[in-house]
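Input: structures, listed below.
Here come two complexes built around subunit A, the first alongside subunit B, the second alongside subunit C.
Showing the complex of A and B:
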């Protein structure tokens, strides 16, 4: 599994290598990590990012085509970190572009919408695609729009439990748990980057289970 | 120097034959081939083209005769990029000059040229866009248009009624429609809400946007609704201020843009590849840089291509850009040159900062609202003119930009009748050897045999590194 992951050669839909180099350290000596946000269209991926990055919330966000990249610098445990958040387009139509943005990802946040069941159902598809490209990166699950549907916070969900994915009840509108979600994701991304093998154990466990 | 002496001509002709004999034997060279070689070698004298370049050109001709097609040609020689000046927008009195007494639009080519050069005054858009977007034929009279519009109104409301008359209960068992409608609703809510026209809760124009897109689902159910389409409709509705007119103009726009939204995304992928090829050809430094940085896939152009720069400009600029593109001048693929021009404009920043794929992507995202639309159009036209006057124009570029290769440019592919290849006189110096095993077009398996040969030319700076022939 480990070997496969290291030698994994990702090619984009045009058959070209989609090579993005997240060097060990940036020129400024920071650790660079890449965090990917996935989920159906309009579940609030961009809004969550915006809430986290500028602590602001614009109710009418534009839809994301293909992908948008947010670069953010933060300090985690006294270490300077450069984080690229890759915000992706949710509509199925644009999925052929995905290979390039999974590449070298260090962590992933799967988002669904508490007010739309279908967006939860589709998590399985997203997860499968993610694991196809990144078999072992840490993964997080976020239930967004809990401000609209409060009961959802009392519910437990089968999907994250099954795959042992931590779940966060969040609201981009009022900010609940947003900082926690992203900080945890970035920390996990750093751990993964420093020691990818830890996560291989998890993935092996997973494989045994299924 | 292979000067203008008769000796020079003879020599190069002989060289061609000898080199050919070495590289292509055992194939037969016909009288016609020699004629081409002769003509090319006279070019050598008149235009001071290196004999080896000519040889490669001849190989192109020869390969064609054998059923090969030249896909990569010699290094293109680009003239300096001309600086282009944009014109003032078409005015209302000017527009009226184009109309005859019955209201037909006359001198359409001239009109399009005029719109290409300067766009039009905002007040004209409501009327003129209906022609540009094919809602009305240019040669229709005002009376005919009134009739046509009545039909279009009926047709629109017929389709609108189709989805309006489906009850909630029906819809609960009609997921194909339900899903499509849900996509529209999600997107309408986040389309240009900062533009005054679409601002605020319960905005009527927003409702109209939704109704038009939902009716479009009935017009083209197979395509349905795809993200991006609301962006294409929004400026049109803003101009038309009328549901029916906006719908039919949108239909016209979608006739152009539809392939962008197809499930397999093949049009976009093709366009990304074409844009890459154009960058490589028109700005080799940048092309090489992008390749080196793993950015040859050009993904950062995706949004530009998908919705024709809609997210890169403020509303009035988008309108200007689109009306220019709708003229289809100087080529329907002009938008590809816009991509190239936009990247060339940022070339210094990208290269000096050593941007990799991620940084380029981020930079391109951040170019939104910072591009001068008139400058971009002028740069792209400059690129077009440069290509138009280029020597050794690769056939692929000519194809992408819909250019005819004129006689003064290189004709890599000699257009000759391939009626007779064998059994003719041999040229001086060439033996009457065996005939090449692959005769053109006599077996269907030829087309399936997709082998290719590469001729490496290391002889001259003016020669590209690789000449690739694809077997037809």
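Showing the complex of A and C:
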């Protein structure tokens, strides 16, 4: 019982403390946005980020535990933007971390692995959880490892079509479409931040504050 | 001996629960010196016998002299070969002291724990870990039987269950293990060998299906590495480099013994922290919560700094709990840390919390210099510990010990902070 109570307390305190200032400009007057990468374990979330951020690709990769934050400065339409990419752990057991992944996110990239069907099936679960926390942030879908399974680029997928999510065929290994994916996601994040289109979302944020 | 150290700490800090980091560090040093001084005094009083007292089943190379072996293992322990003559001599002295405790037909567990708390010499670490983990009993006469029974039992599990990894109900578990193993320590050739990866897969899979309440959770794979490395070291020749060791050089059943022993020691270890890995990971949530409470109490300025920049303790310390700091410090330091965890009651659970608190306040000055959320998070997830040695871990442990003494048995002391 005591343990459960503590858990409740933690969640409460998370709700308060995890509120980051992504809704304000930084002190230097820059825009700051938060982009989340989600998807099953070992679909290549960290590798995609690594490819984009340092344009380097190491074939070996460490597992991501909990979350890893990468900060990146970009210039989009002549405006300097500070982007925080949140790389997350994919294993189901880490769900107690999820609320803090989503908090104040401005865009989301859902990643699955072209060589493992199950990672595609699980996108629906990830998407539902995302929408529960962030009803209207822009969402992107990335099929990774197309270098291993080229035929996949000829296929169309029901999941992104059903939810009207743009799909990107990417390869962290050879770099195909990686820059485009992240640039589009960051641009959408900025648009969302400047004009959160969904009224519900604004109401939810207001409720969270009070 | 511990009582004296305790008294000392208590005397210093009774009156002021808010301790400045500098004072804390000095105290930590003093605790270490006192502890070490006492050990050395006792060392002078006794001379250990120069014969290995290990069971015939486990000692692979009786021919090599203790001295050569100790020196070789010290090189392995430091991994980069940095060890000075004075340290070697001290390690030899401690080795003899351990031998004295380990030689009897009935090992005094209390003495062994007390001695191990300050670090176990590499030469006697494998056997000491097995005893402290609860795998081998204090009665040495039973070791051969236990080894035989437990190793047979493990391999019968493998025979019984391992094929089921491909069945649908276990497919998810096995796949997760299978994709995690190559990603554990990609730069260390030892862990990239098929034989070693197969070993890890079997250990983790068998553990997972025999513990359905938690199953396999990412991070548990990390916990096998220190155990495996320590047990493997016992079989290495003086000049072998463990990072690049080719396990095909081992005798046929040596790897099988290491695997079975690793499995049982991992099981004992995980028994103490199973709620870290069950649904919603309550053990971790509680410890993160307690860490926050503790920091609020012992380092208000750091706590407020973190809060002010909206750093959530869960975001950085989740991994500290889930992987027992193994992602934050080098493997050689984890091994030293575990000497104490094994010696300390409830070491991997409760004491680890205090180590995490000591670890966080260790970076106090660096963290206070960071002025925004991102800077803090980036520092917190890449703390510069690459050059850390046993000495740094000793300091950390002394500080953790002090914190535990002040707060563990005085819950009101802690709750008074709210």
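Everything that follows uses one rule, which is that the second predicted complex is superposed on the first by the 179 of 210 C-alpha atoms of A that agree within 3 Å, B and C clash if a C-alpha of one lies under 4 Å from a C-alpha of the other, contacts with A are read in each partner's own complex, and residues count from 1 in each chain.
As a convention for this text, a contact is a pair of C-beta atoms (placed from the backbone, for glycine too) under 8 Å apart; a residue touches a chain by one contact, two chains touch by 3 or more.
Given the structure is predicted, the values throughout are model-derived calculations rather than measurements.
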First, second, both or neither for A:179, with subunit B first and subunit C second: neither
Contacts of A:54 with subunit B and subunit C, given as first, second, both or neither: neither
A:100 touches, of subunit B and subunit C: first, second, both or neither? both
Subunit A residues contacted in one complex by subunit B, in the other by subunit C: 13-14, 17-21, 41-42, 60-63, 65-69, 71, 84, 89, 91, 93-94, 96-97, 100
Subunit A residues touching subunit C - in the complex, by the definition given at the top: 3-4, 6-7, 9-10, 13-14, 17-21, 26-27, 41-42, 58, 60-63, 65-69, 71, 82, 84, 89, 91, 93-97, 100
Subunit B residues touching subunit A - in the complex, by the definition given at the top: 183, 186-187, 189-191, 193-194, 226-228, 230, 261, 263-265, 269, 272-273, 294, 296-297, 299, 302-303, 306-307, 311, 356-358, 361-362, 365
Residues of subunit C defined as touching subunit A within the complex: 176, 179-180, 182-184, 186-187, 215, 217-219, 275, 277, 279-282, 284-286, 288-289, 292, 307, 310, 312, 314-315, 318-319, 322-323, 327, 372-374, 377-378, 381
Subunit B-touching residues of subunit A, taken from the complex the two chains share: 12-14, 16-22, 34, 41-42, 60-63, 65-69, 71, 84, 89, 91, 93-94, 96-97, 100
